[in-house]
Each structure stands twice: as C-alpha cells, then as structure tokens.
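Note that subunit A is present in both complexes that follow, paired respectively with subunit B and with subunit C.
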Partner chain A sequence: MSALERAEVKRLREGSPWTGLWAVVAKEMADHLTSARMRILELLILLTAGGTVYVAMQQIRASIGSDRFIYLKLFTLSQDPLPSLIGFLGFLVPLIAIALGFDAVNGEFNRKTLSRILAQPIYRDALLLGKFLAGLFTLALVFSAIWLLIFGMGLIGLGVAPNTEEVGRLLWFLLATIFYGGIWLVLAQMFSVVFRQPATAALAAIATWLFFTVFWNILASLLAQSLRPIQYGFLEEALAQAELELALTRISPNTLYAEIAIALLNPTVRSLGFVLPFQLEGAILGTPLPLHQSVLLIWPHLTGLIAATILLFALAYILFQRQEIRA
Partner chain B sequence: MKRLGSILFLAFVSVLITTLALVIPANAQDITPESNSPNLTLYTTYPSLVVGPGETVSVDVHVRVASQAEVVRLQISEVPEGWTATLRGGGKTVQAVYVQADSEANLELRLDQPKTIQAGTYRVVVTARTPNASAQLPIEITIKEKQPSRLSFDVDLPVLRGSPSTTFRYSVTLKNEGDDEITVNLSANAPRGFQVNFRYGGQDVTSLPLGAKESKSITVEAQPLVDITAGSYPITIIAQGNDTQASLDLTAEVTGQPSLSITTPDGRLSGQVYTGRETSLKLIVQNTGSAPAKGVKLSASAPSGWTATFDPEVVDEIATNAQSEVTLKIKPADNAIAGDYMLTLRATPTQGASKSVDFRITVLTSTLWGITGVVLIAIAVGVVMLAVIRFGRR
Partner chain C sequence: MSEVIVTKDLTKKYGDFVAVDHLNLTVHKGEVFGLLGPNGAGKTTTILMILGLTEPTSGSIRVLGFDPTRQPLTVKAHVGYLPDQVGFYDELTAYENLIYIAKLNGLPREEADRRIEAALQKVNLSEMRDKAVSTFSRGMRQRLGVAEILIKQPQIIIMDEPTQGLDPEGAREFLDIIRTLRAEGITILLSSHLLHQVQAVCDRVGLFHRGKMMLEGTVDELGRKILGKAFRIYVETPDTTPEIVEALKQVPGAVNARVLNNMTTIEVEATSDIRHEIARSLIAAGGQLRGLSMEAQSLDEIYAQYFQEVEHVRA
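Our next item is the complex of A and B:
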C-alpha cells in the first residue's frame, strides 16, 4: 500500500465510527420490547419462572430453617416432572437470544431498509454494535425483571429477606446468564450476516445450539478416548483422559453456564475439576465457600464467556464490513 | 421320855426349817402362786416379765375352780407406787368372776407405768377369794435400763489423693449404738474451695433417720471448686441428733496438675490462608492448672502437603495462671482446594495431660489468576479494535 493510498484511506475514515450508536440501540430496543415475538418469549419465561419457583418454594417450606441459602434453593430445587429453574434457563436463554438476533441484519436487508439506514450519518460499525447492544440490553432487562420477580415471590412466599451473600451470588449469576445469552445472540447475528434468509440463519443458530447441547458431550468423550487412550489401566491415564474430556466439554457454552450455576448457587462446591482424595484430607465438607472464592472458581468460565462473545462479535463485524450490501 | 423330847425337838426344828424355807424365798420376791385350798387356783403362764420403760404390760391371769362352781372375787393387793393396775375381762374392768366347776376363767391384768420410772424389779400381787378359800398370784416386772443414744462414725480410707478436678468420695459408716431411733443431721467443716455433700442411696441428704443399733453407709463427696492449689485439706464431718454427736476427720490431698489451653489473642479459633503462601498466626498457650507446665511441646496435625511449624516449638515453662505466646506458621499445599479445613493443634507438657484444639483454616485461592481472565477479555476487545481500525467506517 503506497503512502498516497494510505493517506486516502486515512482521509476517508474520519470521525468516530460509533456516531449514531445510541440512536440505533434505542430504536432496536423499542422494536424488541414491542414485538409480538418478544411477548411470547416473555410469557414463556414468566410461566417457567413462576412454576419452578413455586414448586421450589413448596419444597423449601417443608424443610424450612435447615438452610442458610434458601434464595439459592429457589433456583436449584426441582420436583418431577418439572426441572429446576436453572435447568430451564439452560435452554430458554439461548432460545430468547437466538430469537432476538437471527434476523438482525438479513431482516433489514430483505425489507430493503438497510441502505436507507446507512444513508443516514451512521456507519455500519454503529449499526451492528447497536443491534448487538440493544439485544444484550433487552436480555439484561428481561432477566433482571425475572430476578426481581423471583426475589419478590421469595419475599412473599418465604417471608425471609435474602442475605447479602445470596444477593451477591444471584447478581453474579445474573451477569453470567446475560453473557450466556450474549454469546448466542452474537452467534445468531453472525448467521444473520452470513445468510440472506432469516429462516436459514435461525436454523443455523439452533443447529449450533443443538450440537453443543446434545452431541458435543458425546463427541468430547469420543475424542478424549481416542486422543488419550487407557493402555495400561494406570490411574494417571484415566485421570488424563477425564481431564481432557472435561477441557473439551468446556468449549461448549452450555457446560460453562452449567458449571457457573453449580458453583454460584451451591456455595459448598469447592472445585469444578477433579479432586484427588488427598486434597480433601482435613477438609470440613459441607461448609460454604466465601462469595469471592466461588467467583474465583468460575472466573475462567465467566471471562471465557465474555471473551468469546466479544470475539464472535469481532468475527460478525469483519464479515459484515466486508459484505456487499448495496444489492 | 428324854428320847421322846429330843425327837419332838428335832421335829420342831425340821418344821421350823421347812417353814423358814418356805417363807424366806417369799420375802425375797417369791413369785410362786399360793392357795390355801386345792379347790381354787390362780396362775399365769409367764409370771416374770422384762419390759422397757413406759411400756404398757398386759398379763393373762387364769382362775381355776376344781369341785364346784363359785364366784371368785379378785383384788389387786399389791401394786408399786404410781402404777395403775386393772383387771379386765370381756373388755370391761372386773372385780369378780364366775367360774364353772372344773374349769377356768381368763382375765387380763393391765399395768400402766408411771411417767418417770427407775430401772428395777417391781411386784404386783393379785388376790382371789371365795367364801372358803383364797389364792395369791405375785407377778414380777423388771424394768430394763435403756442404752443412752450414741453415734459413731467409721471410715476405711480417711485420706484420699486426687487432682483438683477429682471428686473425693469417702465411704463412711454411721452407726447408732443407742436404743432409740435418731434423726441425724449431717454437716461438714470444709476449707474454702470445697463443697461437701452427703449421699445416701443415690440421693443428696442432709439428715437421715437411724433406727436403734442400725448403721448406714453414707458417701461423703468433697468436690474441690476450681482454682484450688495443691495441698492437704482437712474435712471434718459431724453427725448430730438427740443430744449426741459424732465427728470424723477426713483429709483430701490435692495434687498439682498443669491444665493447658490454646487460644488466640482475640479468642477466634479460625484463620485465613492463601494457597502456597505462608501465613503466621499468633497463638496463646495458657496454664490454668494448679502446677506449672514444663517443657510444653507444640504440634499440629495438618493435611498432607501442608506445613505447620511453631516458633518456638517447645515452651520451657508456663507458670500457674500464666500464658505464653507462640507463632504458628501455616503453608497450605500448592494444590489445596479453597474451603474450610480442620487443623488440630496440640500442646503436650512433659507431665500432665495434653490439650488439643481444633482450628478452622479457610484456604483462599489467590486472585492473581483472576487477572488472566481480564487479560483474555482485553485481548478480545483488542481484536475488535483492530477490526475497527482495519475495516471501520464504511
């Protein structure tokens, strides 16, 4: 690239790329919050949350006073046939996130509104980031509302105020839930950039989600068995294989989210990896970890989720910037 | 004639002797019933009785008539001063009795003693009369003298030895040697710092009834209260009742003993340590015993892979009611999992019982690794920024 060309590039790229970002965010959020699609999803999650928390509350009442963290139990207790709230969140969060993102770009394109927006003093940067942030904020809004609803139900149903430890843990869990939604949101948006048909993009996103939910664990197990075979039956071999399998399953955001939920909502969990018997010598089992230690335990998971979200956004951004959109 | 006279004299003498022989025992409290006719007999089966003072005596009197039915008049002809004697028949006081021929009537002679009476032998005579016969029945009553009340203690092991935490138990036998039942009050003179209880039959007692000639086993429990120094402590126990008392001296020999305890300056038995990092904890070893603790060795049982050392490892001497400060350095294993662990610390003096305390250690993992997560996010943001610089503003 010659000096002249570089100067031209520099001249062309003037001002902030984020001009008009907040306008896009506000408009997109307004669209999300008023859309029928969102209403259906909100109703769905409301029913789920109400049902599971009610069931959990019935169980807590039967054994009240035996636990320090009853608000955490609201999220984790389940009763056949209903799974616990975190079980529901594990697949409802990706569903909402995909629903918010699968037609972000190709929808505009099909409605022929993309060039009209870009005719405004708004860069593509701001458009994509604005759509992503609007989706993330919507998720944050919905989940915060659900969290507050659960606290309210707990206050009425249990009559005990949550302690600071519980509030702290649930706030960290809320953050993790939002970013777990964020990764699926940005994935769906990336597919909406790649595929011109919204249905294809939605299918691709759901296929990815299904792959990680159903097949990845099986695949990780098979990969671990083939890469680290147990040849002589030593303990070290079995351990190495199991550790590889665990590392592979952690590529799946579902695993990361499940482990975050376990560590945050069950304070007695001390380790998410393999624990050798001698490491438990002298340990007082069943004692809760302090909050910051639980957060340290899931810190790699949480930062991994956030970093993956940002990297996926970068990928979507590059794909979008390189795309021909005037057609 | 002379020979006849001597025979008559001999006969007279023999009659006299016979008469005297009959009369003299009668004067000396003879209790043989007398009758001047074989037709009337007055008798009792047990004419001589021994009773205690104040007891009412009842004697069965039988009147027998041989040939023909008669009315027999009865009279108490001799009774000691102050005594009341009544003859009773058929539940009533009687003065005469009708007796069938060749049969007998039964009466009861009741004798009431005066309120105060000397020990000795007393005589009561009952007389029976018919128009042509009379009979006498003397009865002898001996009032036995009572044993005065007397209490005595007996103990096998009057001197016991033990630590300040021992309860000294003495097995004491309390005996009433008198003839009266006594209610005995028990008390003890013990030095300060001792609590003395009397136990009988598993119960704490302060007084107990003791029958005549009865003995009971009592356990005397002397419990030293805390803060008692070594030494010999005399304990006197006293039993009192009915103007009599007995006392017994017991001795409790308290031996000295160090008693250690481990704590921290603020009393918390917990601490926080980071994995792979050495942390110092200040400990206080106290001696609350009655003897100085010598050569107190400190040790800790920690999970494997941990190091726990004391500075100093041996405290030479901790005087009574003194304390010593010790530093404990803990380093958990590098791969220790966060959470609570139990650490048992032990202080062992050369003489005396060792003392252990459970210390709760919270292992925290270092937040240093948390920074790598932040770096990861920073790299991701950097990638976005690079992408913006390369492709931005289209």
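Our next item is the complex of A and C:
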C-alpha cells in the first residue's frame, strides 16, 4: 500500500451512513402514528376538511353542470365565515409539521436516550435523516388520507366522478402540500437540534411561521419601496418596484404554497407574475390551461420548496454533527 | 490479542480547557478495569472517545485493533455502552425498547427475539418484558440497560458510573451482574467514584485527576505506592511495651507499629501479609499473643490520601 493510499484509508470513515436508517424510520413513524399529539391534529384536520368540503358542496350543487372542475372547487370554495380548505391548509400544514418535529433531537436528549442510541453501530446521519423521513412519510400518509376522503365525499355528495385533469392537478397539489409540510418539519427539527428545551424549539418554529405569515409581506413591501423608490413616476420604476416586492415575498414558503394552490386549483390562471396588456394579445381569457402548462407555471415554486427543505436539512445535519452528545 | 483497549497520548481539549491530557491507558482482555476520579476528571470524555462518540484532539485509540474515529461502526458493534444516565422510551415496553436496539444492530427478528429473552433472563427482568418502562425503578432501568448491551453480545462493556443512585440492594445486585459478565470473559471498563464498589469488582484501577491518569494498578499496588503500606495487622497482647513495639517494627515488610489507645492492641502497617512473622517475633520478644487480625487497605483511604497530597502540592 502506498503512502497515498494509506492516507486515503485514514481519511475515510468506514461503513454506510444509511445503516439503521429504516429501523429509525419505522420506530419514529410508529411513534408519530400512535401519539396523542398526532390524534388531536388528525381530528382537527378531519373536522376542517369535512366542514369546508361540505360547505363547498352546498354551493356547487346550486351551479352544477356549469363547471368543468368541480373537484377543484371543493378545495377553493368558501362561504363566510368559514375560509376555504386551502386557506385552512395554509396554516394547518405548518402546525402539523412543527408538531411532528419540534422535539426530535432534544426529546431524545432529555430522555437520556441519545447517547444510548448513538452507541449502537449507526452514524448520526441515520438518526437525523430517519427522523426527517418518518415525519415526511407521516405527513404524506395523513394528507393522502385526507385527499382520498375528500374524493370520497365528492363522489357521494356530488355523484360525479373526477376527471383525469382534476385528479392530476390534485395529485400535484398533494405533492406540493407534503413538501410545504416538509419545510416546516425540517425547520422544527433544526430548532430541536439548536435548543435543548422542546418548548423553546416549538416556539421558535411557530415564531418563524408567524413571521412569514404576518410580517414578511409588510416587510417585503417596505424593502421594495426603499430599494426601488419611484422618483419620476415612470412605468418602469413602478414595475421594478412591484417585481422586487414579488421576488421578496416569494422567499416565504407561505407565498410559494399559496401561488402553487392558485395555479393548480384554478386552471384559468395563466401567470403568477405581472402581465401587461400587450402580453395578453391573442389570449382567449377565461379558458383553462392544460395541466402540463399549469405544472410548468409552478415548477420553480415546487423546486424552490424542495430546495429549501434540503438546504434546511443540510443545516440541521451540520449542527447535529458538531453537537457534543454528553450532558 | 490480550490488549483490547489501548490509548496513546490521547488528548481532548474544549477550547482552552484540557479535559483529557496525554492519556496512556491499556485494558487487557477479560479484566475489569476501574476508572477512578473526582467529577470533571475526564472519565466520561475518555469513554466517549473510546466509543468514537467524541473526536480526540490528538493521540490515538485502538479498540480491539480498530480505530474508533475511523471505524466507529465496527467498534460500536463490539462494544456495549451503559451511559451514566440510562434513558429509555418510557411509553414503550421493555421488549419494544430492546427490539429497536436489536434492529439498529441489524439483527434478524428471530435472532433478536432469542437474544432479548436470554438477556432479560440474565438481568432478572423476564416478567417485566411487556410492561411499559415508565413503571420501572431506577435499578430496573439500570438492569434493562445491561440487557440492552447484552443483545449485541459485546466483547467489551463500558459503564459510566453504573451504581450511582442505586440503593444498596440494587448496587449489590448490579455488582453481581458485573461479576457474572466477567466470568463469561467479557472485558469491562467502568468509571466510578464509589470506591468500595470499585474495589469489590475491579482487577485493576486507574486514578484520574485533571485529565491525567496519575496511578494505575491493582488496589494493593496502589496502596503500596500511595501509603507505602497496604495491610494493617492488629496484634492483641497485654505486653505493649516499647521494646516489643520496636521489635515488631523491625520485622521485614513492616512499615510502622504503634500502640492503640486501649493499650492492649498494637497496630502494624505492612506492605504485605506478614502475620506469621509478626506472631513469631512477638513471641520471640517474650510477649503473649492473644489475637491477630488483619485488614487490607481500603481504596477510600488511598484515594483520600492521594488527593490530599495532590491538593497539598498545589497549595
């Protein structure tokens, strides 16, 4: 063995980082699915879905036959004082995701199980990734169940089968919903690495969510006004300011998710940015886009959501690797 | 291979603080080695480095010939670790807790079941198999921790303060378990500051202070090194004259002799068991022998004396 090869061997860690991953996933998922916390949240989302879909069905019955996409309407129609289902999802998804992740690592630490688990022949990678995947699979399971339930309610309540276009759109929307949950899940897990107290981690995650829900849009508008001021009243100036504001608001996962919902569940939406009158020349307004065009429209949003999830996971991973496990 | 754990100039620094300072430690196959020292002496840090759970700043470690920083999975597959505070998932049963560990070790289900039954039997927890761990006492948790270690059939077991917080009965049971494991040829490294318990089970001990191992050896060896004597022999005689005391002091192996307050007993401190010689010279000097007893040096005394000296030198 040459000196170079020896150096190479010395540098590498032996064994796969995935050893034990599925054992962790199976255990964590079993925990999630049987925990009282999860049952409460499931009940909550079940009531919400049931309520909003029922209200939407009442409205659809009145106008049946006039619409090609009644199943999409189940998600978007609202009647005061109840918001639509996507309105509810916008804050229920983060809530569930945070509930699944906020005590992931510090919980093990406080129960004194962390050092015992890490003394098994697994890498830390398997523990963190296993916990994340278990959370993501749980979210996927819960939302898939809700989706199927809504389809079922639609079949019974409306007596019309969904067409392939609707099924396709709702499946894409399901995917987006799962990854929207993934962001908040991984954020909560990251805070669970940083903070020793689960309550602090939960609060930090909820504070981040509140910041993006309530304050970010205001902040984005202020930032845009100060960075791209309108000095002479030109159209270009107004446009530049509005575009910057839009770009800034899209840093928030809430905005991304809301835009995905609009584009997927409302086939007539042709653009999520600004459209000037001359860009609409020749367009037949009010005609729906085919599914693949709508998907094309939300593609950057979806990749953005997934990329943010991966980036946050990488950050949590680095923090966890550097953490001393002794009390 | 007789040396199962070897560290060379092992050093761990947290910023400026040196937790472990050029530690050279060797543990032989089949022995029970005790790490002794006050809190913060670097015992736990050393243990974590041996397991590959913390990276050393410098120096090297070999565990069963493997490097824990580069081959942690191999090391952790053969080394069982009982942390100072053993925690379990309270809402799960003993069996569910153990099967999770078995799965993390990659054991197939049937083999895992077999090993879990055997391990629970060994630590006397068979009846508690399907009870939630939240109902367990501290002693039971500690024993469940041992059962968990036994599942992977380790060659080495490392225990950090294993008897801390146990009641005397629990501690005694636990020491019995350690003796059973030793009889099976498992090497055991344990850290503690409960000295009489260490003395009861350890073949060799190492005295830790400020990240350094100051002394190493059997309890008797340490006694000789620190106190210069390891045995105390009590001679009961009515003739406690200065001549006789002087005669006993001259016996080879005796370090000191003095008359105790009751005026009928002479205490001889010695480096080895010299009862026979003492008796002979007492009688030769014309004294009557009414009784003879001996006690070995306790580790408590060695420890107290040693750290007294260390603090004295520092002050």
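Heads up, the rule we're going with is that the second predicted complex is superposed on the first by the 315 of 327 C-alpha atoms of A that agree within 3 Å, B and C clash if a C-alpha of one lies under 4 Å from a C-alpha of the other, contacts with A are read in each partner's own complex, and residues count from 1 in each chain.
We adopt the following convention: contacts are C-beta pairs under 8 Å (C-beta built on N, C-alpha and C of every residue); 3 or more make two chains touch, one makes a residue touch a chain.
This one's a predicted model, so the numbers in the text were calculated from it and none came from an experiment.
K.L.:
On subunit A, do subunit B and subunit C fit together or clash when superposed?
P.N.:
When both complexes are placed onto subunit A, subunit B and subunit C end up side by side without any clash.
K.L.:
Is A:Ile122 in contact with subunit B, with subunit C, with both, or with neither (first, second, both, neither)?
P.N.:
second
K.L.:
Which partner does A:Thr287 reach: the first (subunit B), the second (subunit C), both, or neither?
P.N.:
In the superposition, A:Thr287 contacts subunit B only.
K.L.:
Answer with first, second, both or neither: which of subunit B and subunit C does A:Ser271 touch in the superposed model?
P.N.:
Only subunit B; A:Ser271 stays clear of subunit C.
K.L.:
Is A:Thr113 in contact with subunit B, with subunit C, with both, or with neither (first, second, both, neither)?
P.N.:
After superposing on A, A:Thr113 lies in contact with subunit C but is clear of subunit B.
K.L.:
Is A:Pro300 in contact with subunit B, with subunit C, with both, or with neither (first, second, both, neither)?
P.N.:
Only subunit B; A:Pro300 stays clear of subunit C.
K.L.:
Now for A:Gln279: first (subunit B), second (subunit C), both, or neither, which partner does it touch?
P.N.:
Only subunit B is touched by A:Gln279; subunit C is not.
K.L.:
Going by the contact rule set out at the top, does A:Gly15 touch subunit B (first), subunit C (second), both, or neither?
P.N.:
both
K.L.:
Does subunit A have more residues touched by subunit B or by subunit C?
P.N.:
B
K.L.:
A:Arg61 in the overlay: touching subunit B, subunit C, both, or neither? Say first, second, both or neither.
P.N.:
In the superposition, A:Arg61 touches no partner, neither subunit B nor subunit C.
K.L.:
With the two structures laid over each other on chain A, which partner does A:Val24 touch: subunit B (first), subunit C (second), both, or neither?
P.N.:
Once the two structures are laid over each other on A, A:Val24 reaches subunit C alone.
K.L.:
In the superposed model, how near does subunit B get to subunit C, counting Cα atoms only, in Å?
P.N.:
6
K.L.:
Could you give the residue numbers on subunit A that contact subunit B in one complex and subunit C in the other?
P.N.:
Residues common to the subunit A contacts of subunit C and of subunit B are 12-15, 123, listed in rising order.
K.L.:
Within the complex, which stretch of subunit A touches subunit C?
P.N.:
10, 12-15, 19-20, 23-24, 26-27, 31, 111-113, 115-123, 324-327
K.L.:
Can you list the subunit C residues touching subunit A in their complex?
P.N.:
44-45, 48, 51, 53-54, 70-74, 76-77, 79-81, 83, 85-90, 100-101, 103-106, 145, 148, 152
K.L.:
Over in the complex, which subunit B residues touch subunit A? Could you list them?
P.N.:
Residues 302-306, 333, 335-343, 360, 362, 364-365, 367, 369-370, 372-374, 376-377, 379-381, 383-384, 387-388, 391-394 of subunit B touch subunit A in their complex.
K.L.:
What part of subunit A is in contact with subunit B in the complex they form?
P.N.:
Those residues of subunit A that touch subunit B are 12-15, 17, 123-125, 270-271, 275, 278-284, 287, 289-290, 292-293, 296-297, 299-300, 302-304, 306-308, 310-311, 313-314, 317-318, 321-322.
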